[in-house]
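What follows is a group of structures, each given as structure tokens.
In what comes next, chain A is part of two complexes: it sits with chain B in the first one and with chain C in the second one.
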Partner chain A sequence: MNARTSMSVAGGAALTIYALFFASSYDQRILTLSGIYVILVLGYQFIFGHAGALSLAQGAFFGVGAYTTGILGSKFGADFLLTFPLSIVVAATLAALVSLPVLRLKTHYFALATLALSQLLLLVAINWEPVTGGANGLPGVPPVTILDWKLTRGLPLLTFVWAIVGMAMVIAHMQMRAGRVAAFTVMRETPLAAPSFGIDSGMLRLRAFLLSAAFGGAAGALFVHTNRVVSPETLGFGVMITCLTMTVVGGRFGILGAVIGALLLTHLPEWFRGFDEYYLVAVGILLLAAVVFAPEGIVALIAPAKAPHENDKPSLHTQSKRASATKPSRLALEAIDLAKSYGGVRALDGVTLSFGPGEIVGVIGPNGAGKTTLANVLTGLTPVDQGTIRLGGRDITNTPAHIIARMGLARTFQTPQLPNALTVRDLVETTQRAHGMSPAADEALDLLTIRSIADARCDTLPHGLRRQVEIARAIATNPGILVLDEPAAGLSPDEQDEIAAICISLSASGMAILLIDHNIEFLSPCVSRLICMEAGRVIADGASDETLTNPDVRNAYFGVISS
Partner chain B sequence: MLLTQIALNALALGSAYALVAIGFVLVLNATTAVNFAHGEGVVAGGFAAVALAILLPPDIPIPGLLLLPGVLLVTALLGLAIGALAYLPIRKRPPISVFVSTIAVGIIIANGLNATFGAAPRTAPPLIGVGTIEFLGASLSRQSLAIIGITAVLMSGLAMVLQRTQLGRQFRACAQDPEMARALGIRLTRITMISFALGTAFAGAAGLLLAHQFFISPSDGGTLILKAYIAVVIGGWGSLRGAAAGAMLIAFFEVGVATFSSQPLAEGLLYIAVLLVLFFRPQGLFGEPQQVRV
Partner chain C sequence: MRTLPRLVITFATGMAAILSLVTTSHAEPLRVPVLVPITGFLSLEGTSQKNGAELALVGTDVSFSVIDTATAPEIAINAFERAVDASDVVSVIAPMLGTQMLALVPLADEFGIPLITVSGTAKITELGSPNVYRFFPGDAVVKAAQARYAVEELDASRPAIISQTTAYGQSGRAALEANLRRIGTPPVFQESMDVSVKDMLPVLLKVRDSGADALLLQLHSGPTALVIRHAKALGLDIPIIAGSAMHQPETAALLEPAELKGVCAESGSSPVSETSEEMQAFVDAYRRSFDREPDAFALGQYDGAQMILAAIAAGAQTADAVRSHLQTARHEGLAMTYKSDGKGNMAHSAVIICYDGTGRVPQIVKRYENLTGVLLD
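And now, the complex of A and B:
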């Protein structure tokens, strides 16, 4: 048993004994509220922690759940078995409705949109008096009633709420298996590159957002059963602030963090009684201190997290050959008349090229010639304005990047895109999982001779190794096509030779490689063809010598040489 | 006649909002982070005016105007404190951290004011007296005219500093590319702290301007930051002129809708409008200046 588990068990036991034998009815009420907030925070961890998006709508989902139960309960006396699932469904449906416009927004716009949504719902609750009871809300919400069994406040309700907390914990745990946690980490830390790893970022964010809403709705429903009234406060920014504070102070990841945050913040008012009205000032100071001094939350201070890969590896080393059995699928890539403009700059201006299995095609060109734009367009990261791209005969023009990646087109980036918090093995295996393969990093790591660093965190690696990890990650999925964007930049001549040798051996096994670089000495020995770009156009495409002696190419690099 | 007065009110409200939004952008450009405590800066300005007003001798014709330097000073110091506590220690972390740390500062300010002054709305003294001035047959509110005038002076002052001085050039350099500016020898920390001081002082001035006619209570910060935020999204992320224009648009929208129906409806429509803007233009109404490259 590790420290975190044993601590949880001990803490849980102590808390249970306290609740059963020592807590007054007031204490029991506070503990009930703690449980409700645990559910709210567990939900918020999906979107704020794992997806890394600052949602300010968690309070709104809480309020929506609260009002669903409140209205149905107080007006129609509806049963818990109806109102509770409905509260969850209504909150999740609201999240689904707004997800399409909202989820693709960048950080500060996402925060604004979710805040505006919350304010809008609050206005509705205050002003739609016939339904919501207006500013006073609705009294007379019935207690939790299941068929004929009425749960009274105190120990019965406390036990019931914590039973639901238990279920929420199980769901949260199942949703966040280690593999998916790693996929979220990749998406959070290398958001621009993640689709090229085959990761469907949109789907991950949607899952996180819906889960956060569902948990929020459940918490809100239980809250009104505890208070027996529903009022606009359940939709107010205060709930959001409380939830945010609990999550930041307790920890953005993991069940223990949620429990610590919720227990602490619900009990603070009792402990800080002497502060009177300045109590909330103390909460603000606590939140600020947590952000500055304990960015991973209290949970990380008292029980540091394990390296993520320790969670899930049932005998990886023994099954490491499974994925490698497959040869790269033989694919050809064909681009016809591609055009892409940024404002007035034509980054690609009628580019046509194709290459197939076993070929290594080099792309050179002065800075700004459009080489990286070409890589981004071919791999689906940047939509084209015009033109057609075919992968293995199938039209993939403007297909989402993660689908193109899964079809067998892998790439590396000019600046290696490695998520800091993951180990090399986790990164490679996460990419394999995203491709529907069973995780087996060793073969790819062996090919690059970097198996010895498999368990090193990516942020500890020096530049040369980062490049190699980047390539290992790309070839680990047995792609048919490999696009390498300046793989040799910043490497020593020896390291460059190594990369060239790897390219040659990969192409010998049937992989088609597009090698973008500046360094002719690196390219010449390994490419079968050399393309030169200038100002968004292909100005030469042929054997290495032909391209290098082409007068247009010489002009592009050296300017027109007057005769 | 009535229409002139409504337009003047909207213009005055828009001026105050514009000060808030410009202050928001000043900090944004220096830090690339959202200062969520900016709304509390406005509230602090209002309460600074309420508190300082006690020191004024009675029967002064222009009490509010006399308070302006004091309010600017107090809120500039508050801005320095926000920068030092909530930004500098975590400047290397992702922007989301600053968002949360400034939310924390907002909680501290709002609840500190609440505990000190109470939750009830307070009013600051009028800027240049109450009542109206007759001009070409229209009666114009003194307060509205003063708000517009003070805003014009503050904005011209800012424009002068930004365009004509070495400090202003450094400001603009940092706004375009903080890392490059630092590499060129600009003291980024100094510029950042000045931005916090200046930005919060602008918010504070808006607090003084708004607090007479609209009252101010400790919990008002949330709505105010939301409006500044929306103004900046409408006007183009990081653009000072855009922020001012966005603020004006919001004020005219609010006053217009509220005149013909109700305040909650005006507010609700504003939020729906901003959601629609983000739906159709996920990069903001005028796009963002720089793109991230892989």
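And now, the complex of A and C:
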């Protein structure tokens, strides 16, 4: 039992004893509200914590659930068995409807769009008086009624709400099993690169958004049953701020964080009511202190996540014997007349190239020649304006990056894209899962001779090892094509030799490799062909010696003026 | 096994924290908790409520504590449950915010505790609850006075209404429109706006374009002042008859006397405008205690609290007995005579005040007594 689990068990037992034997009617009400907010925050953790998107719509989903139950309950006397699922469905449906335009947005645009949704719903609630009761809201919402069983306030309602909280915890736990948490981590920390590892970021964000809405709707429904009135305040920005504060203060991840945040933020104002009009100042000071001293949430302070082991910082040269090559699928890549412009800059201009199984093709060129753009369009990260790309004979032009990755085209990045919070093993296995493979990192780690760092967090690794981890992740899915973008940059000569040896080993097993780099000494021993680019065009494509002696190449790349 | 000590320590710490929170009840005098919004957008009015109640209750045998209800219904419910956790609660001074009252009424019925409020929201006395007692004239009274003054005294025939999108605004607008229609002068223009709106010129231009010959407001304090200021700046030369927010000294303080010239407002009362000895004593005591000017909300709440004290003085020692007194007794308050209409509406009179442009203290220009006829019974 780890610290977090023991803390949860002890806290849960203490709370149960408190609620059963010591809590007054008022205390039970505050605990009931806390439970409702736990559900709200658990939902918000999906989109804000795991997906890393600042949604300001969680209050809106809460309000939608509240109004669904409020209207059906007060106007039609509908049973809880009908209103509760409907509140969840309506909130999730709303999320699904708005997800198409909203989820395409990133960062502050996403936040603003979700805020606009909240404001729109608030206006509807205030102005659609015949249905919503306008600014007054709708009084007379019945208590939770299941068939003929009417739940009274106090302990019965408290027990019922926390039973639903328990179910919400189970669902949250099942949704956020280890593999999916890692996929969310990759998406959140390396959002631009994640699709190249086969991770369908769009689907993950959609899942998080829908789950957050469903949990929000459930919380809203219970809230209305607890207060017996629904009013525009349930859609107000105050609910959103409360939810955001609970999540930040408690912790963005995990059930314990949600419980701590909700319990604390619900109780804190009540504890300080004695300060009269100054109680908000006291609450504000405490919250500020919490954010300053526990930026990752109080849960991280009292029950920190598992720390990396002491031996998790090995050097590049402490590795064991290199294992045999992987078994890649045999694929060929063909690019025809590719063009890509950024405004007035022609990054790619009629690029045509092809390479197949067992080949290592080097790509050189001065800065701004279009090498990285080429890698991005081949792997689907950047759409092309013109041209055709075929992978294994199939047209993949402008196909989403995660699909291309799953078809067998893997890549690394000029700057290693490794999420800090994951271990090497988690990272590799997450990529394998995204490809529908059983997680088994060892073979790829052995091939790169880095199995000894499998349990090290990525943020503890030196630069050379980060490069190797990126390659291990790329080859762990047995790709047919591997695109390496400047893999030797920043490495020592010994480390460069290691990478070159790995490339040769991989190509020997049938993998086709596109090796983009500036370093001729690194490229020359291992490439079978060398392509030189300049100003978005291929100016030479042939054997290494031919390309290097090509006058245009010497002129463009080495600055030698040919006579 | 290493986790066992940690488990035990955590559990013990949790239990210690819990035990420290456990409250115990003691034998106490009769209690009248004061639940009012002293933070949030209604803090000005809520503070008046609090002050009025305090002025009445301080120095008596009744115990009271003030709990902030802010502006959300669930906070009001929390406050109520906290307040009635103690024994011997015979009545609760309840918040003036309509949505909070609507949330509290079912609880008051469940606990059998009468709520004393100055909320103007019409709906709170339409729920059939025997536990709501309103010591401020409701919309049915003050909106009738506002409409009648505009039409009968100022000869308005094309009135316009600007209201707030809050419960106060929506409830008052509906009553105002109904009263205007009843006397044959339906509004030629209506618009509701959010409390956050700061630029009033667009809506005032629409009022001007509608050809309105009087402007009736149902706005909170800040927006009332802004509309009046912008109307003067625009040169909108039509009478303005504001809602009760305008009678508050704090609202008048937001405007220059010249901007206030000709502006009128409805209210349950206007303590600073009255000259009677009793009222002057109240005003002086209020100023001494709180260093501010009393308004009609403070006076209404003062009168409400005084009626509870009168009930206790008459022998009421339980919530049921206090309720019974509120349902049947007639109370001569400072602002007016109070008597329940059977639904909990205790106030049936209103005044119209106007500013003459020389200062911020208005004159009472018209009294509308017993508009509901209840006091004749």
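In the analysis below, the second predicted complex is superposed on the first by the 531 of 563 C-alpha atoms of A that agree within 3 Å, B and C clash if a C-alpha of one lies under 4 Å from a C-alpha of the other, contacts with A are read in each partner's own complex, and residues count from 1 in each chain.
One rule holds in what follows: contacts are C-beta pairs under 8 Å (C-beta built on N, C-alpha and C of every residue); 3 or more make two chains touch, one makes a residue touch a chain.
Bear in mind the structure is a predicted one, so any value in this text is a computation, not a measurement.
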Where does A:L280 make contact in the superposed view: on chain B (first), on chain C (second), on both, or on neither?
-> both
Does the superposition put A:A116 against chain B (first), chain C (second), both, or neither?
-> first
Which superposed partner A:A456 touches (first chain B, second chain C, both, neither) = neither
Pick one for A:A300: touches chain B only (first), chain C only (second), both, or neither.
-> neither
Touch check for A:A489: first (chain B), second (chain C), both, or neither?
-> neither
Please indicate which partner A:N127 is in contact with in the superposed arrangement: first for chain B, second for chain C, both, or neither.
-> both
Of the two partner chains, chain B (first) and chain C (second), which one does A:I171 touch, if any: first, second, both, or neither?
-> neither
Is A:L264 touching the first partner chain B, the second partner chain C, both, or neither of them?
-> neither
Chain A positions touched by chain B in one structure and by chain C in the second = 126-127, 276-277, 279-280
Partner chain B, residues of chain A touching it in the complex = 52, 54, 98, 101-102, 104-109, 111-113, 115-117, 119-120, 123-124, 126-127, 192-193, 237, 241, 244-245, 248, 276-281, 283-285, 287-288, 291-292, 295, 342, 372, 376, 381, 413-415, 417
For chain B, which residues are in contact with chain A within the complex?
-> 34, 85-86, 89-90, 93-97, 99-101, 103-108, 111-112, 114-115, 222-223, 226, 229-230, 233, 237, 264, 267-268, 271-272, 274-275, 278-279, 282-284, 291-294
Chain C contacts chain A in the complex at 3, 6-7, 10-11, 14-15, 17-19, 21-23, 38-39, 43, 66-68, 71-75, 77-79, 81-82, 85, 98-99, 102-103, 105-107, 110, 121, 123, 127, 165-171, 192
Listed in rising order, the residues of chain A that touch chain C in the complex are 1-3, 6-7, 9-11, 13-15, 17-18, 22, 24-27, 29-30, 33, 126-127, 129, 134-137, 139-140, 153, 223, 226-229, 231-233, 236, 238, 269-270, 273, 276-277, 279-280
